[in-house]
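Handing you this structure, nothing more for now.
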Amino acid sequence: MQVVFAAIIGMLYAGAVYMMLRRSIVKLIIGLALFGHATNLLIFAVARLVRYNPAIVQKGDSAPIEPFADPVPQALILTAIVIGFGVQAFSIVLIKRVYQTVGTDDLDQIRGTDS
Amino acid sequence: MLLAVCSIFALSIAAPFLHRIAKDYCAPLLALLPGSICFYFISLAPRIAEGKPVEEKWEWVPSLGANLTFYVEGLSLLFAILVTGIGTLIVIYAGGYFKGDAASGRFYSLLLLFMGAMLGIVISDNLFALFVFWELTSISSYLLIGYNHKDEESRSSALQALIVTGGGGLALLAGFVLLGMAAGSFEISAINQSGPEVVHHSLYPLVVIGVLVGAFTKSAQFPFHFWLPNAMAAPAPVSAYLHSATMVKAGVFLLARLHPSIADTPVFVWTVSIVGAMTMLLGAVMGAISTDMKRMLAYTTVSILGCLTLLLGVGVESALFAFGVLVLAHALYKGTLFLVAGTVEKLSGERNVKHLGGLFSRLPALGIAGSLAAMSMIGVPLFFGFVAKEAIYEAALKATNMSGLWIAAMVVSSALFVAVAILVGIKPFFGPEVRELTVKKAPALMLVGPLMLSVLGFAFFFLPDLLGKYLIHPSSAAVIGDANIIVLKSWHGLNAVLGLSVLTIAIGIVIYRFLPKLGSVSESSFAKDPFGAISVYERSLAGVLRFGQWQASTLQNGYLRKYILLTICVTTAFAGIVFILHTNWKSLHLTFDLRVHEAALIIVMVAAVAILVRASSRLTAIVALGVLGYAVALVFMLYGAPDLTMTQLCIETLSVVLFVFVLYRLPQFIRLSRRRTRLRDAIVASCVGALMACLVLVASSEPADSHLRQYYSTKAYEEAFGRNVVNVILVDFRALDTLGEITVLAVAAIGVFALLKLRPPADTEGAA
Amino acid sequence: MKSIILSSATRLLMPLMLLFSLFAFFRGHNEPGGGFIGGLIAASAFSLYAVAEGVEQARRVLRIDPRTLLGIGLLVGLISGLPSVFKSKAFMTGVWMEQTIPGLGKAGTPLLFDLGVFLVVVGFVLTVVFSLAES
Amino acid sequence: MTSIVSLPIVIPLATAAGMLLVRRNILLQRVIGVVGSAALLAAAIKLLYVCYTEGIQVLQLGTWPAPFGISLVCDVFSGIMLVLAGIMSLTTSLYAVADIERRRTAFGFYSLLHILMMGICGAFLTGDLFNLYVWFEVMLIASFVLIALGGEKPQMEGAIKYVALNLIASMILVAAVGLVYGLTGSLNMADVAVHLRDVRQEGVVLGIAILFMAAFGIKAAVFPVFFWLPASYHTPPAAISAVFAGLLTKVGVYALIRTFTLIFTENPQLTHAALVVIAAATMLSGVLGAAVQMDFRRVLSFHIISQIGYMVLGLALFTPLAIAGAVFYILHHIIVKANLFFVSGVVHRLRGTYDLKKLGGLYATHVWLGVLFMIPAMSLAGIPPLSGFWAKLAIIRSGLEIEAYWVVGVALFVGLLTLYSMTKIWAEAFWKEPASPGPIGYASTSGLGWMVVPIVLLAAITVAIGLGAEPAFEVATKAGQELVNPQIYIDAVLGGRQ
């Protein structure tokens, strides 16, 4: 299971990088979104995947019943997802505006500020 | 001491304001301060002559070894008197030179800044304090050379001087640090007492390189000499003060000051002597074949600096004695000549010696000053220059190595000086009138300096005992210790040295006769750039800039995908190599147990990614991305994370909506990259993927050790009163993360709003 | 594109969704849910309304500019951390009421904090949706 | 009362959130912006004083003990950085009164500035790796919006590069944090430092170290991953450029120093040796880029990179003096670099352009501006007795002490080129005769005083920490001592719990 998930994460990273290296500004954003998925899964997988119960304390107990999944990475991923979403929303609108002001979605033609 | 230096700095800051109030009376007022400091130093002479140096210590930055310690012995005293004394006269002179110039307050400010710094150099005991003042002189020199800043040539000369002396300064800094490390102290007095420790230290070669480069650049030694003639773009007071009497002597001063601790090796002796002798000859030749008065004086200054360096290389007692005499004599006659030349230029607008002549009737006082100084420079008896010349020949005769060679070089260059002195100091006044010049009347303030200096150059010939006892002898004693007392004499009687002096003058007059026939030499390429030092400087500067241009346009090429590519490649390669080399692959535990629904989910994800990267329509891509997102949500569900699943589902939906909303207005995908590029990108991408996969595998095969998990799950309900541990973590255990997270959301919203609603005003859009 | 079906469906759906969002919010401390999910649901309710009735109308119903919600939400989140400071405990320490509120369980500053999250999420989604729709 | 440690986060957030509620009142926004900054500065100074005199201050948020809650930790290094953030916040707020026009202010400039400050201060304070990532994101999103705020074409072009490359850095960072959690089961930096020593797979630890280096390196703009900086830093208004140039990249350097003195210290012959090479290349590449630029702000932008190299070098040399030098360098550079950008803004105000070819003649007309430019410019070039000299001296001295001659040579050469490019600006903008006498673009002197006050303030600080370097250097030395002895930090955070 570990191996398969490691491979999937690797594939997501590879896809993300490939998309980011394209010239289209839209693919860049898609690449970043993929990157986000890959990273979330990485956090999830590296903290051990277990087919356990969620970490919820049942009525009458004082702690979740073992075995239960580690809640820490879940909290981290939740934060990361939300942050990622906020950033992504901004980025999407940004590229829309970039396209409107610059008039192209070809990144190779957006070079005005470098030289 | 500190008070002296600081008061000059304070005056420097006040000068522009003072100038605004006092106008043309400003200069004499300003001169009061350096004048009184000069008298203070003169009053120290008897005490120092008795071998009692004046010390003063102030802590500054002790953590780095930098303190404001001052240590005035004979050498410092000689230089301090020169700096303040000539400085006084220069300030007065500037009062006439800049008469009526409303902006000249800045000039006084810079000049006083320089004066304070120069005084600091000659009296500092601490290496870093000395360095601080050293760099201040470079900067003030830069600003003063470029004083006529609208002139392109002034600016580039100023830059040249700054780059050369600044570069040397950096070498010097390294040299100082190493010297301090080798000697165990950053105080020069302590270093000089440490005996042969420095010379035998393994750092010694580096110390010598650093110190010599610093001193040679500052004192315009070959091959760094070229900046000095170009620095003549500065106004005359600056040339006379900085580039003749004081700043350029800082280098040789430094070598003299450090002489006791670093000079006692063949490497030092030979390098310094040879560089000095070469510079001496080169400067004299160049001076003689030039026709521009200021350049002639500048080149002879280079030559004198070479001679001083040579004397330090020779290093015997009489050489250091001669060093002191020559410093004094040169300051007097060269200062005069620079001021005379500057005055002539200012009043007549001409500084080519070919065109000058017969000015005595119109500028009698100046003519007297110029010819007195010229006589001193020639070395005519009854002038202090004669004493100096005798002293250096004497020193060369006593040299322990290559004595003959040094004498020959000295005679040749002194003979050339004769020609220069006649051309600059005598011919303009007493020579035949070459062309009609309109000459203005000389303001009195401009005459005080030249007359005073030239008269002193005459008077000192008759005061050998006084000068020898209180100035010259203490200065050489400071360098070499006072084993034997050499008496300064004006007249040695008929001996070999006198013969040499006579020979020098004779050759000099012959050269003066033949010089007009060499006139065209001054236009030759050799005269403009002897031995190609300038072109080396220019070519290396241009080379550095071309390389800079190349690397900037190569790296910063504007292609975002190349930036990303390089960023990712570097990271992956570096992390990958380190990781692979240091990993123990045998201890991995790999698990493969996959259930059917998990396998199905994975196939969906693989398919989604495959479709995504190959998608040629935006809609396909967005749908594939959405499917992938939902699949990830399912993964979370399978492994015990319901909160994540819900959040992921919600957010994925919102994302898809947002994508559709916005991206639909953007153009269709076109396949822009070539096949080879795509292949390259695919390979890079695969490497990244492989690395991350391996990292995950190895990291998760370490034994699990989550003490956080245990703590949170037991405390969640009992102390934080929540059953959903994930949510308790979010709002309590790690609430700060969540606070940051909602801040991100809030800012993103502000950003989206601003992007959509805040458009630039139409006019700026056009301008940008 | 105003459709009567959508508009009447919205009028029915919106209160329900808002109620549900409160439910998700309050149950979050003990079951999956919480301020974030709750906020998203509430925001969708208003978004739906904006689609059905137009942004103008939605803004009017909301009464308060979504960007002000952002500010309030952040302040609420921040303020929830302060009571503990006055009890000379560390910033952001949970302070709980002694009694439990029937149906909700214990109330305390972490819930207030979650309310801040809720408000910011609503403000975020609505700012984005409204300004996109208006542009 | 360790809750004071949280003030540098609380104050900017309260200020920013408060301003969201008074969006329409520009005057009120400006007042709150300045007052909030002053409060931040006051809190930071107090905090620095406390941790200088009493040692490391730790706040366990929510009273959950480390490593379970999030710790806010303030050592002297953090304290210095916070004070600098306060100074930058205050000066930028003042400068922005005149520099940021009404439309940008109305769209939340001050809120964004304070949220940026919140993120920066959070990053300086946090003792938790994931929390560090969160603060980086707060900082980043605020900077995204600030760089794009106004929507002018160059801003858009710069923003897309800035956003893309910085997001990659964030992704690398969060992946690395995830891997650390997988390895150690902990996120608290002190705890991680302790547990990472026990990990048997050295390869993965080093791999993670490199990922951190890359993530922070991108943020700090080191060679060869600095592209986003010259592409974007000269596009927004001067006030924004200044706070970015001064403070923002230094957060990356801060994080590098923090992680590579506290967490990844087991293998310095690999990690720190690599940093030496990176530092040298960064110094050179940046200064070479700067030497050939012909735009005021672009010269300054490339210089940031070059100077980052010095700071990284201080870390890489890894001796107490070198690290103190790096800290002092950061301190000096933030003040000086921001000031230069402020000056460039005034020049733009007066002449309507940043193009050095078109500028000129300012020395004749505005001597005071010349003086105000020269102070930070010469300080940047390391001319004594200004602050930059001591910074450079400390690093050069420590380099020579451990016989790293070649890199010292590079550093000295870079110093010379720095001097060259500063004098280039001087000669072109101040000395040279301008091509045309009047302003080239939009020029206005209204409200100029608001822009000059911060410049004078920062110049005074530069002179003060140059002439009176000892107190500042003593603080930096204390910071350096704490950094080279990570056990002090670990003990302070974890107490007896190891």
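For this structure, a couple of remarks:
Note that the chains are named A, B, C and D in the order they appear, and that numbering of residues resets to 1 at the start of each chain.
Just so it is clear, contacts are C-beta pairs under 8 Å (C-beta built on N, C-alpha and C of every residue); 3 or more make two chains touch, one makes a residue touch a chain.
Computed from a prediction, not measured in an experiment: that's the story for all the values here.
Of all the chains shown, the one with its CA centroid nearest the global CA centroid is D.
Note: the chain lying farthest from chain A is B, by mean C-alpha position. Chain centres here are Cα averages; for chain A and chain C they lie 25 Å apart. Separating the centre of chain C from that of chain D, both taken as means of CA atoms, is a distance of 36 Å.
Taking the mean of the C-alpha atoms as each chain's centre, chain B and chain C sit 62 Å apart. If each chain is reduced to the centroid of its CA atoms, chain A and chain D end up 28 Å from each other. Across the assembly, chain C contributes 30-32, 36, 67, 70-71, 74, 78, 81, 92, 94, 124, 128, 132 as residues in contact with two or more other chains. In chain D, the positions touching at least two other chains are 13, 20, 61-62, 130, 134, 137, 141, 144-145, 148, 151-154, 160-161, 164, 168, 175, 179, 182, 187, 230-231. The set of chain A residues touching two or more other chains comprises 20, 25, 28, 38, 42, 46-48, 54, 56-57, 72, 76, 78-79, 82-83, 86-87, 89-90, 93-95, 97, 101, 107, 110-114.
Taken as a contact graph, with one node per protein chain and an edge wherever two chains touch, the assembly is complete, since every chain touches every other chain. In the complex of the two chains, the chain C residues touching chain D come out as 67-68, 70-72, 74-75, 78, 81, 84-85, 88-94.
Residues 59-66, 103, 106, 128, 131-132, 135-136, 139, 142, 146, 149-150, 155, 158-159, 162-163, 166-167, 170-171, 173-174, 177-178, 181, 206, 544-545, 547-549, 551-552, 555-556, 558, 560, 563-564, 566-568, 570-571, 574-576, 578-584, 587, 691-692, 695-696, 698-702, 704-709, 711-712, 715, 732-737, 739-741, 743-744, 746-748, 750-751, 753-755, 757-761, 764-765, 767-768 of chain B are the ones touching chain D in the complex.
Contact residues on chain B toward chain C in their complex (touch as defined above): 642-643, 646-647, 650, 654, 658, 661-662, 720-724, 726-728, 730-732, 735-736, 738-739, 742-743, 745-746, 748-750, 752-753, 756-757. In the complex of the two chains, the chain B residues touching chain A come out as 552-553, 556-561, 564-565, 568, 590-594, 598, 602, 605-606, 609, 612-613, 618, 621, 625, 628-629, 632, 635-636, 638-644, 647-648, 651, 654-655, 658-659, 662-663, 665-667, 669-670, 672-673, 681-682, 684-686, 688-694, 696-697, 699-701, 704, 706, 708-709, 712-714, 716-718, 722-726, 729-730, 733-734, 737-738, 740-741, 744-745, 747-749, 751-752, 755-756, 765.
Within the complex, the chain D residues that touch chain C are 1-3, 6, 10, 13-14, 16-21, 23, 59-63.
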